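Read from first to last, the chains carry the letters A, B, C, D and E; within each, the first residue is number 1.
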Amino acid sequence: MSIPILSTLIFFPVAGGLSLLMVDRNKTHLIRMMALIIGLMEMLISLPLFFLFDKTTPRMQFTELTPWIPALNINYSLGIDGISILFILLTGLVTVLSILVSWEAIQDKVKEFFIALLVLEGMIIGVFCALDFFLFYIFWEAMLIPMFLIIGIWGGPKRIYATVKFFLYTLVGSLLMLVGIITLYYHGGQTFDIRELARHTYSPGLQMLLFWAMFAAFAVKVPMWPVHTWLPDAHTEAPAAGSVILAAVLIKMGAYGFLRFSMPILPDATRAMMIPMIVLSLIAIVYGAVICLAQTDLKRLIAYSSVSHMGFITLGLYGLNTQGVEGGILQMINHGIVTGALFLCIGMIYERTHTRVIADYGGLASTMPLFAGFFMLFTMAAVGLPATNGFIGEFLILLGSFINRPWAAFFAATGLVLGAWYMLWLFQRIFFNPVNSKVVGLAELNLREIVILLPMVALVFWIGLYPDSLLSFMHVSVAHLLDQVHGGADAVSRVAVVLP
Amino acid sequence: MNMINWATFEPLLPEMLLVCIGLALICLDLFVEKTRELLPWLTVLGCVTVLGMVIGERNVTAFGGMFLTDAYAVFFKVISLLSVIMATLMGEHYRRVHGLRHGEYYALMVFAATGMMVMASAGDLMVLYLGLELMALSVYCLVGMNKGEGRSTEAAIKYFLMGVFASAILLYGMSLVYGLTGSTTISEIARYTAATGLTENPALLAALGLIIAGFCFKVAVAPFHFWTPDVYEGAPTVITAFMSVGPKAAGFAVFGRVLLSGFPELQPHWGSLLATLALLTMAVGNLTALVQTSIKRMLAYSAIAHAGYSLLGVLAGTADGLSATMSYLLIYGFMNMGAFAILVLLSSRGAHHESLDDYRGLAKSHPLAAALMLVFMFSLTGIPPTAGFIGKFYLLRAALGAGYTWTVIGAVIFSAISAYFYLRVVRYMYMSEPEGELDFSYTPGISAVLGLALLGVVGLGLLPGTIIGWAASALLGQ
Amino acid sequence: MIPLSWYMALAAILFSIGVYGFLTRRNIIIMFLSAELMLNGVNLNLVAMSYYLESMRGQVFTFFIITVAAAEAAIGLGIAICLYRNRQTVYVDEVNQLKG
Amino acid sequence: MLMLLFFCYCAVVITGTGLLAVTLKNPVHSVLMVLILFFHVAMLYLSLGAEFLAAVQIIVYAGAILVLYLFVLFLVSLRDEVKMPRFVSSAWLGRLIAGGMVACLLYILPVFTTGAKGDWPAQRVQAITPTRALATEMYSASVLPFEIAGLILLVAVIGGLLLARREKDVHGDVK
Amino acid sequence: MPTYLLLIPFLPLASFVITLLFGRKMGTRSHWLPIITVLISFICALKAFTEVLAGNIVNQDLYTWISSGNLHVSVGFLVDQLTAVMLIVVTSISSLVHIYSVGYMKGEDGYYRFFSYLSLFTFSMLMLVLGNNFLQLFFGWEAVGLSSYLLIGFYYEKVSAADAGKKAFIVNRIGDFGFILGLFLVFVTFGTLHYEPVFANAEQAVGQTFSIFGMHFDLPTAIALLLMCGALGKSAQIPLHVWLPDAMEGPTPVSALIHAATMVTAGVFLIARCNPLFELSAVAMNTVTIIGAITCLFAATIALVQTDIKRVVAYSTLSQLAYMFVACGVGAYSAGIFHLFTHAFFKALLFLGCGSIILAMHHEQEVGFMGGLKKYMPVTYITFLIATLSISGVPGLAGFYSKDEILAMAFASPVAAGKFAWFIGTLVAFLTAFYSFRLFFLIFHGQFRGTREQKQHLQESPAVVTVPLMLLAVGAVGAGWFGVPEILGGDNHWAHFLAPVLGHPEVHLGYITESLLMSVSVLAGVGGILLAWYMYIDQPALPGELAARFPRAYRILRNKYYVDEFYIRFLVEPGKTFSSRVLDRIVDTNVIELAVNGVPRLIGALAARIRRLQDGQLPHYLTWMGGSALFLFVWMFTR
């Protein structure tokens, strides 16, 4: 690869965002258009990844390597494999949609908003590309700044509490991970290259310590129970675009962290901590779902449902078998699409009503049938109806966890029931029931909003009906990952036990 | 008996030039009224020249080991000079707004810089002490400069009295070391202790304890930090900025030099002591900063906290650690100067605008100032990709490498806590509506400082390789 | 011949008396005096050691300390006068506007 | 024996006057006590073969610094000095610390060992007189600190001037 | 893959999409596309049926749906005898209901929406029956659930309708909870989810155990019971029956199509389809039988006292589904499917008849306001009578043959619960006849009890409604003739046709036994009819007296044994309370958040204390410094 495509992907939006600085702040339309064009170009740039990606090798592709801090053996090292490629594509899409959904919702400090959004995009892509643990950390933390601003400046009434909580929560976790990273550096041959680090073996005690250090950062980001309480606040207060990015990609970074770092580098600890992780995931699934039933705030409910869904994802990942991990990764994408779409929808409706209280809605299906249709579709994807993407992920996750630990699947499957309960209840309270006087005469979705939602619909069905198009990207990489985790020895536990 | 001739003084050239500049400044101020406007620029010019000379210095051990111009010294001299340059530029702005008598102001700053450079180069306790006093006396005067203002004088008297006390303690420790080793030259002390097994002598350790106490005062390590908030708040803002960078760096220069060159064998002893003190410092600095409503005072506490972080590198007792501290001090210099420059920028005659409330909605009325402050605040928090993160990372790495895991964990936790009060500034600027009108303008001086600081914070954040490489080689070459 | 430790003991006592005065007296001028006592303690130490170590370094050091003490006195008294002008006090516990 | 008596005398006087200096009510008395103390320290210097320093002690310390203190004491007026409390409210802690300090400083003396002998044995010093020996040392090995000390005095002059003078600031307001 | 097969499900799908997107513009013409497509599907289904009759079994994959590790699932079609039958049932009833709906739904808001949902349902149901693997079955399973949800909640502005839709979905999900675990177990056991290899290797699961929570279960039993869970939910058997009566909130054609004829029978279809697995476990078979029997009785008794006409029919549906369960439970799968087939016609007819009445009554469903409709609605009357007779098991009509087959099989079954099931089944046959005719009499006979206004508008429904009724009436009469048992001179084509898939239990009932059994059930049916006549025509005051004499029993039946209340009281409300009181208010807010916010608060308090040290008093600072210096001195000295 002579063209540094990944660097371009990371820095193009950043540079693009900064180029907005030069635009007069009153020309908001121009700013929006520019942001949109930058976002679209970014998507365009990411397309070659999709087509040129070699699915037959677990090796990192599109790699770039430049010494950065030679004294410490820190390199600017990028590359993607079948696990990370999808997130990059997703990030590009979600950013464009976020730009579109902010089109009219953001009226104050427009310029700054789009700068923050584009910079955020670059940082997130950086997270998914980095092959150097240090570099990863840089992106991981740098992304906090724009997100902090997006929630804090353009958020709801309690935005400051929410954003500070978000920031501090994640920062504490990240800093503990930093300690872990440095420790790893010393024990892993003075390098931050994750492939090198994965090649080393560490004593079980050390692995355990490092595991918890990384856990601190990743679990908060996921967020796993019981470090999830920042999420409802952040989601609730963030502007629509913020919620979308948060739900769609940002919290995926936690799960991605587990996949990319915890598992291959600390295989023994990963195996040892499998059960606790599964138990935490199960708690998250059930807890997140049940607590949704008590929510009166629209966004808060979806936020808690994210906790539940992310529980599924971590459950899948820590199933440590092909179906579980592939399902987990796929579900990350799916959750990004579905919850992202739900937040997009909520953003659209919030723009009209300026209320997030569920009780203020009712009978919306009469006033906004098209919107109701979209929302229904995403609701169904969220509850995992077959033929939607949500099903594929949940099915693979549950199957994966059933293969090795049926009890885990047993508890997790209750999430299916509870998920249907709270989602449908939500749907009923918003769209069904007698028409609430507060929603009378709301305008139906406009073209821009339909255009935003259509790609999500397409993805819901595309993945739901033809998941192989994405799963095929990860087969080899996941197999490689599992080899690393199980050291090739424990292969039996990875496949279903087939009768003779 | 060695003869004293011109060549002997050659390594001293930059310092001598600096003294000459100082004298010239006073003379110009006294006798040539018209040049007053030019004095800050002359100072900057002179300092830049000296900076050039310093960087070009050869590694020489002069005056029988009393004066070392090794790369370590050069590094700290660069920090000192940078702090003077930036403070001078800031002072140029400050003068326009507040009106300080400036001839002495620049001269004293230059003399303080001379003191710092002497400290950085000191290879002997006597030289060290004298350099320290040279710097300290200049700074006492600078702090008390706003004679009309009660708090400036209060700061000066507090600083002075505590400084005197700390010097006395330091001196007592030095006298004991002299008695125990028969020398005041650091390399000599190290050689003697190693040769005679003095390392196990409790008296030597106790004396070292007193010396550490003296140094801790200089770099504002808890529980010797009590002067810092009061003095930082009371002193003219420019001086505060200067103090938080230059003199502190010089303090660390001698701290590191004495401990690592003078008493390397005692590292297990002073390492654990310093680890405790570092944690205490971070705790005090970060926690107390949480409840401040004045940004200036908050930055003072943050300076304490950062002293705690910087100590991580020293206590590691390795070349790695020391180079981490060095890099950190340089980075801290940029970001802290930047933050103070914003403070200076916002202050106007009669109103200091140091309260958090004055920053409400700054992003709306003055987006550029707010954006810069944002960068500096994130850098002080230690969030990448700013230089503050790189510095902190390097320190943590060094301390972990030396095995101080729990200290490091404490450090990161306090670092997370610190995010709260740094972000509060950002919150006030970006997430509140403006209350009153703030009127200020960018002068060339302050613009230059801001630009320099931004360049440092972002540049070192994105391309930290050079600085870290330089700091590391400074120690390897030692 | 008087042992070195006697001198050192006296120096220690002198230093501690200085500390005592420094920590307890309200009057800033007396605090300056106490600081001089501390420095004298150090000086005594150095001169005695210098004698017993057959080295001139201690004496030289003492000489510089005295010089510095003089310089400090000048500046300290300058600040004290400033303070007196501003606040009409030389009592250290009345100088407490900066706090928190 | 005579030396011993002399030392004991000096020690008692130094301790006594020191204590008096820091406890007496009237600051002027304190200054006088310190004056006596300085003289006795100077005598000890003499007994330790530091003639020059003894002289400096008298001239600089007693003659210059103390006079300066006295001067300032009068300048800041002593209206109610004797009626005001001498000690700060936390003095008991100060006493405790001072007591602790003397105890600790004395406690380390038994383990104190003297370091390497220097190159100025008594006979060599006596051969050229102690003052000359000091000068030799000062202007050769210690020439650098000497220069810096000079600079410190310069700063003290500038600083003292700066701080003590009444002035108009650039904006013309009388302070 | 033959094109006609593809057309069967995908034409309705296309119709769904097109109608949903453009229906608004098509307005009152939006029914055309769905009707045409479903008719074509019906024709294709007939073609498929003939192909199967000719022995052409299709089992083909369309494409690989999911592939992960050793999991490979396709979308593919299996058209065998069972599927063929189901295709006919689904497409034929669906076609009729489509046509019927044109009349029934006329002028409703969301007319196009209704038809698009019907198409969606048809598509889903067809995918369900056509699938050649468990996952596709599950897909259809859930998709019919969705359609059901949408159609029950069609009048979404009515809270009860919205609630009912939600309830249906959630209760079904509870069943699916077991179902999906069953799928996993199948996969773990056989390494595939395709029917063919699974059923071919089913025998190998015998004797294996499955461990969970430290307990060991017989593997075939575990699989069968888990799959049964799904069936219980979809076919509304105890304890997951609660959704079906509420589902009557949907438009009546929906009740006929989804909640009587097709979707609810998916559970039976599932068990029949998985008969090789169920066969391996006596425990599972007995469980199915017993649940069927209990539901059968349970629903019938409730139906005795209900006054909402659709609810009565709904409970009768429950009861009839339970018959099918009993059939499956005793291994008489073909009998079960046979009953499914006949039931589809007469129950759809009953529902559509109800719809016709409701239409005439202006959406009045309380039987208390009806009466004497005979003279106003002759066609409805006749067809309703046929259906009622059919369900009552009057010989010659469809219901008779299938029900009798089941009872006979149950009696003859080697399965332990068979006799019990037979007894209950016969009893319920009596009850069924009774409540069906009770309903019939209350509607069509006696005096009209509605308002004057309602009376003025009473009239026969239009042809678009009555023609489907008549067509269904033909089915309700003749559907049973496919399976006339040998004893009545038939040769039980039905069982033989399905035998390749469902097997045929070797039953040896003597001629006498069999005729005796038949007589008993016929007597039960006739007895029920007579009793109904006696109570509602002859002595109309008697029911009221009985209700007054046995108030408790009446109340319990009226309130459906308080099962809903039980669930709400012990599952739903505790769930919500637990959620809001415990999780939201205690765990999240007071435990986790307390820790999260408490730590900063603690830090703040600590900070305030530390701050107090900085009191501006220089002597204090100096004391601290002196003390600290001393401390350092001592620390180092004592090292």
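Here is the rule we use: contacts are C-beta pairs under 8 Å (C-beta built on N, C-alpha and C of every residue); 3 or more make two chains touch, one makes a residue touch a chain.
Note that the structure is predicted; figures quoted are calculated from it, not measured.
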Inset, instruction - Mind listing the chains that sit against subunit B and also against subunit E? - result: A, C, D
Legend entry - Both-way neighbours, i.e. chains that touch subunit D and touch subunit B: C, E
Inset, instruction - Select, from A-B and C-D, the pair of chains that is joined by more C-beta pairs in contact. - result: C-D
Legend entry - Most remote chain, CA-based centroid, reference being subunit A: D
Inset, instruction - Select the chain whose centre, defined as the mean of its C-alpha atoms, is least distant from the mean of all protein C-alpha atoms. - result: A
Inset, instruction - Would you kindly say which chain has the C-alpha centre located farthest from the C-alpha centre of subunit E? - result: D
Legend entry - Computed distance of Cα centres, subunit C from subunit B, in Å: 26
Legend entry - Intercentroid distance (Cα basis), subunit E paired with subunit D, Å: 102
Legend entry - subunit A and subunit D: spacing of chain centres that average the CA atoms, whole Å: 70
Inset, instruction - Averaging only over C-alpha atoms, locate the centres of subunit C and subunit E and give their separation in whole Å. - result: 96
Legend entry - Shared-contact residues (touching 2 or more other chains) in subunit D: 88-91, 93-94, 97-98, 101, 104-105, 108, 112, 114-118, 136, 141-142, 145, 149, 152, 155-156, 159, 161-163
Inset, instruction - Quick one: which residues in subunit E touch 2 or more of the other chains? - result: 600, 611, 614, 616-620, 622-623, 626-627, 633-634, 637
Inset, instruction - Among the residues of subunit C, pick out those that touch two or more other chains and give their numbers. - result: 4, 8, 15, 18-19, 22-24, 26, 32, 49, 53, 55, 57, 60, 64, 68, 71-72, 75, 78-80, 82, 85, 92-93, 95, 97-100
Legend entry - Every chain pair in contact, whichever chains are involved: A-B, A-E, B-C, B-D, B-E, C-D, C-E, D-E
Inset, instruction - Please give the residue numbers of subunit C that touch subunit D in the complex, ascending. - result: 1-2, 4-10, 12-27, 29-30, 32-34, 36-37, 40, 43-44, 47-57, 59-60, 62-64, 66-75, 77-82, 84-85, 90-93
Legend entry - Interfacial residue positions of subunit D with respect to subunit C in the complex: 3-4, 7, 10-11, 14-15, 18-19, 21-23, 27, 30-31, 34, 37-38, 41, 44-45, 48-50, 52-53, 56-57, 60-61, 64-65, 68-69, 72-73, 75-76, 81, 84-91, 93-95, 97-99, 101-102, 105-106, 109-110, 112, 114-122, 125, 133-134, 136-138, 141-142, 145-146, 149, 152-153, 155-157, 159-164, 166
Legend entry - subunit D partner contacts - residues on subunit E that touch it in the complex: 617, 619-620, 622-623, 626-627, 630, 633-634, 637
Inset, instruction - Going by the contact rule at the top, pick out the subunit B residues touching subunit E in the complex. - result: 157-158, 161-162, 165-166, 169, 202-203, 205-206, 208-210, 212-213, 216-217, 223-224, 226-227, 229-230, 269-270, 273, 283-284, 287-288, 290-291, 417, 420
Legend entry - Touch list for subunit E against partner subunit C, complex: 611, 614-619, 622-623, 626
